[in-house]
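Residue numbering begins at 1 within each chain, and the chains themselves are lettered A, B, C and D in the order written.
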Amino acid sequence: MASVGILERLDAGEVVIGDGGFVFALEKRGYVKAGPWTPEAAAEHPEAAAQGVPEGGANVMQTFTFYASDDKLENRGNKGAQINEAACDLAREVANEGDAMVAGGVCQTPSYLSCKSETEVKGILKKQLDVFIKKNVDFLIAEYFEHVEEAVWAVEVLKETGKPVAASMCIGPDGDMHGVSPGECAVRLVKAGAQIVGVNCHFDPMTCVKTVKMMKEGVEKAGLKAHYMVQPLAYHTPDCNCQGFIDLPEFPFGLEPRILSRWDMHKYAREAFNAGIRFIGGCCGFEPYHIRAVAEELGPERGFLPAASEKHGNWGAGLEMHTKPWVRARARRDYWENLKPASGRPQCPSMSAPDGWGVTKGHTDLMQQKEATSQDQLKQLLKVLKQSKASMQ
Amino acid sequence: MASVGILERLDAGEVVIGDGGFVFALEKRGYVKAGPWTPEAAAEHPEAAAQGVPEGGANVMQTFTFYASDDKLENRGNKGAQINEAACDLAREVANEGDAMVAGGVCQTPSYLSCKSETEVKGILKKQLDVFIKKNVDFLIAEYFEHVEEAVWAVEVLKETGKPVAASMCIGPDGDMHGVSPGECAVRLVKAGAQIVGVNCHFDPMTCVKTVKMMKEGVEKAGLKAHYMVQPLAYHTPDCNCQGFIDLPEFPFGLEPRILSRWDMHKYAREAFNAGIRFIGGCCGFEPYHIRAVAEELGPERGFLPAASEKHGNWGAGLEMHTKPWVRARARRDYWENLKPASGRPQCPSMSAPDGWGVTKGHTDLMQQKEATSQDQLKQLLKVLKQSKASMQ
Amino acid sequence: MASVGILERLDAGEVVIGDGGFVFALEKRGYVKAGPWTPEAAAEHPEAAAQGVPEGGANVMQTFTFYASDDKLENRGNKGAQINEAACDLAREVANEGDAMVAGGVCQTPSYLSCKSETEVKGILKKQLDVFIKKNVDFLIAEYFEHVEEAVWAVEVLKETGKPVAASMCIGPDGDMHGVSPGECAVRLVKAGAQIVGVNCHFDPMTCVKTVKMMKEGVEKAGLKAHYMVQPLAYHTPDCNCQGFIDLPEFPFGLEPRILSRWDMHKYAREAFNAGIRFIGGCCGFEPYHIRAVAEELGPERGFLPAASEKHGNWGAGLEMHTKPWVRARARRDYWENLKPASGRPQCPSMSAPDGWGVTKGHTDLMQQKEATSQDQLKQLLKVLKQSKASMQ
Amino acid sequence: MASVGILERLDAGEVVIGDGGFVFALEKRGYVKAGPWTPEAAAEHPEAAAQGVPEGGANVMQTFTFYASDDKLENRGNKGAQINEAACDLAREVANEGDAMVAGGVCQTPSYLSCKSETEVKGILKKQLDVFIKKNVDFLIAEYFEHVEEAVWAVEVLKETGKPVAASMCIGPDGDMHGVSPGECAVRLVKAGAQIVGVNCHFDPMTCVKTVKMMKEGVEKAGLKAHYMVQPLAYHTPDCNCQGFIDLPEFPFGLEPRILSRWDMHKYAREAFNAGIRFIGGCCGFEPYHIRAVAEELGPERGFLPAASEKHGNWGAGLEMHTKPWVRARARRDYWENLKPASGRPQCPSMSAPDGWGVTKGHTDLMQQKEATSQDQLKQLLKVLKQSKASMQ
């Protein structure tokens, strides 16, 4: 186990840097399939899955167990225990390279979306948990929950282990899918026993920081105490509705123009720190250089730079050695801080209208099935979509 | 050495897929410094440098020797021979994982830009070559040349080895920095002995294909014969002038919004193939999933898909298993082919005005020095830049 | 006077079309000075001021008396009574061409912004009113108020005449400058005696309709009754904060790219009608063809088309006679309804960050002076602005 | 007639300001029908057609005779002679208000597009000319020609009158529809007898100035002499192909986002003057304030400002009297000169892909018919369009 625990670090006011973006990163490298997004690569290609993760300088290795609950994996034809075990071994091995902590992660289940009972959902989560305990992870994260009810259930299950528990929802300022506000969500999670609360995925960094601020205000107003975490997308999403980037027409294969630059990351890290958040990381879209930028921005507070900064001049300083003098003139902070980068896509818009039918848990459209969508189902879908777009005009 | 050589493959009409984008990819992961861009990582962190390269399914491993001529490396305080040798070993090791060919690469030198003589420049290039011969690479590439004169010198040096020689310039439709047209450049390179000619870097895929087409027309008009190659950026650059993306204000740390999607890559691969180009690859900005997209588009012609496609549904087919029905409806070719992805950056423009003073080899502004730019020099630079922008209004 | 009054028309469920955009239109033609925006043209060039107004087919001629209160005019060196009288004569003359109604308009005063008393502000408004009564206008509009307190004072003054009174604020969904919600503003105005309430200027059509909807909900929730009016900008303003388009960096001389097309106007007119608004018009930026488009969209409900439609094919039908066949193919509703028009400005953004210091009535920065800003004051301003922008980063 | 003629003015080095944008301006006010674009308003509503024209301060009143040749008017059911006469009277009346010159204008004919003979086309043009001579216009303009052959025929007809002749084509840098370069076009027109040559319509100001520069180079290279004119669109058209803005998907009812600001006009006027052009005006999209901006930019050279500038502070100076201090801070040249105005349309692109089938005179698709397109023809058109778009992917 890591020499100092997550709560000790946060209690001491330390900045902890996370990195939860492995699913998207591995999809781009060919080890994860977009759509199911299940992490069987942990068992199939452990050496590949391990690559790249520690390069940015993160303190937390999350087990590679996103969507690795039995019900999700079975839907997609994989075996849960084996994958979860492999993922824990892998995370520990990587973490040990840099004295990082290993966090075992669970996330929302198809069972909940299909209206299964509290007992059933908790049973599913518990199975994953058994592996985490056997492998002795440093702490636990319940992350990527759209409904506070399921998130509370998850916290209740995780709490039984005695390990520190973090709870992170994938919501924005409008709250969970049933309209529970971020402040109220946070209060319920803290009351259920989470020591760290926050949000991850679904929205861009500034939106996520804003949401965690609302959580903090709610917790403080209720006279409670907690630590705060944020692990946003590395994509700009000003045009999202409450369900986040999944409803954007560009999800998941046309998000490139939205990728944050390293300088966007500096702004994010500073904003998160100023908001009182101390567990600061990233989710889908983060690459090692994004995490490095977060670590560089917070270098003064942390007292050190990540190893990867050895080859990275502060605010573009390496450009002082560029061949062309007008590029050398870009070796300065105010240049990059003020640059408004062009998209190079003059026939594309800057914002999209999100898809999405405004439905959530309980609606028949969201009942999960084991089979892939059939051609008939797809045809029906396109018909519904066309009608919904026509009615918007 | 590889079982079948590059010329045998091209003569047989085979599509050869390249991948030259390692410098940018390694910068993002912390192993290369932006500005000098020299490849000392090959010697310093060989295991890291080897990661990621074969995942897309490329047939050619270029030695990790960009800007690895002695004069460039000395400017930046590194030792040439050691780095070039390590780079060859590394490329061979990676290539052997997939029966790929190893290509030894040389590129333009600071000596040329500083007006050194033909003998001096050729001497510099020859030193690198000695390593490539000792390590027995499969073939040689002279790439990233802005001036056809220097490119011809390089081809003349490389020809002496008896290995197959490819020559690739970093020019667009306006030709080399002294205004020599792409067609004329190609003719001179073929006459100097290059069996494969084309362009790499500096421009987006469609612009590069257009340039190679002009080369092909020139070669054919001159009654000559050659094979053609193209290794473009993975960035959209509709706003570039003749010096390419380096003059864009976003270079090199604000290029994210310009990154091509996998669907852009399909269009590129098809366009290149239709233009009669058979050595089709990528340069700065390419990630494994970009190369995979090229390989997938040309799957029917090649008769197989890359290994990485095992986890990649054709045209987004994996989305058929997504939780939300309106995302399942995106599992079809026409959706992704027609999508105009939004930038998520409504306060940013879609095109930039390039910097650049319209000077090239021979101008004092481009004389290279060993030292990094001093603060005084930087101040002077900013003054010149400000004046040049004011005069443009 | 007009043969049928405004309240009779609205009570009968008729759609009344307004046109309040003369200030901006006359600025472009050289009869109004941007900055003071005062309407001395009514007295100086009556024949010019009369041009263009009736062409769109509006039912209401507003007196050309924007910012024509004595305190505003004196600040700018003009005489109030003379201008107000000339404006009334002019409006009546134009109205008579098409049996339209004449509305006498008052708007917010510099006196209020400079914290003068209720008695003083009401005295200022009363002076204008005396002219309107002498000239026997058909009804009265208190429009362009940012603070509900001053708007209520205006309604109280106007009510004393016995003429029908409309009250229109220049607010958006965030309410007045002191944060009073649109619903609450509307309730106070109706209680003060306004028979028609709504908003004008400052925001784009869709935002204005949304705001009037909030007003209507407030009025109905309070058990009151009113008619509703909306006279928005003809500019897209998705990036405004609560103070509207004046704070946009483009105000007032760079708004061209934001001008609504006639098709945008169709959507607006339909949306306003569906929201239960029956006094539907326009403000700054409206040209005759915008009003015509509103009248054409509501042609089925009104039972007739405006005279100007004689030369205007429905939904582009006139293009059936174009020389080029691919332009003829645009002669159809779905083409124009779905077109996303390009800006032709690839180096410009699609949204701006508003200026503005978040201050309003009562703040020393907003005390009004008679003199134009001095060079010293301007220098001081630029310093403050620069600091405020730096602190935003 | 005007006291000083066009050639005397130009020979003296005077700047002459034109204004040819009446067709679009009157369409927006309801007096011209988009599609046929014929000028029957001159006869039907002379008082309306006269409005607005002199306000910007132009020196040339063009007769309101665009597309007023008999063959065009007959196609559209109007009588030629009556309209042309009314147009001349109207232009003279307006011109007399400000000692401006009257220019009689002819433009390209449907007869030419339908492959009629030189004799027939010249006959058609001569009929219009008879009216111009009877009404004694000051000079003649042959404008809006896409084919240099027809433009030369027109010049030959006009020359017979002994009046000064200007010849203006609607081409860009790629030359006429059969690929004749701007330089060669200009040479042929000068040889045919035109004393003034240039371009109008179809492209934005900077593109038009560039084209006239090419004409000037051609004329000078041929050892000839001429004066130069330019009357561009008031729309940004960076995305046009050789046929100009008619092929843009936004033509003619979605061009609003492309409208030039007054500051764009300053840049245009300066650029045109610097290029040696002295007859500087505007075409479709120009409003009086655009012409005023041209006149203001060239005020120093001309020695006076237009009357309309009385109410127009230099470079936004009127804003010094604005209520809000941050708007007062915009009362300066560098603010407006550097502003990149936002479109307020984040879901729209910044550039479009032009329509157009690459056909011109002689192609059956361009044979003109008297009848409006039938529903059957329209259906067929949509089919062809759909195929052409599909093939572009």
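What we mean here is this: a residue touches a chain if its C-beta (ideal position, glycine included) is under 8 Å from a C-beta of that chain, and two chains touch if they have at least 3 such contacts.
The UniProt protein names, listed by chain, are A, B, C, D = Betaine--homocysteine S-methyltransferase 1-like.
Just so it is clear, the structure is predicted and the values come from calculations on it, not from any experiment.
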item	value
Chain whose Cα centroid lies at the greatest distance from that of chain B	C
Same or different residue numbers at the chain A/chain B copy interface, by half rule	same
Whole-Å gap separating chain B and chain D, where each centre is the average of the chain's CA atoms	46
Whole-Å gap between the CA centroids of chain A and chain B	33
Rounded Å distance, chain B centre to chain C centre (Cα mean)	56
Residues of chain D engaged with two or more neighbouring chains	239, 340, 342, 346-352
Touching residues on chain D, where the partner in the complex is chain A	239, 346-353
Residue numbers on chain B that touch chain A, as the complex places them	27-36, 48, 51-52, 55-56, 75-76, 110, 113, 204, 235-239, 246-263, 287-289, 292, 307-313, 316-332, 336, 339-352, 355-357, 365-366, 368, 372-373, 377-378, 381-382, 384-385
Residues of chain D defined as touching chain B within the complex	267, 337-338, 340, 342, 346-347, 349-351, 393
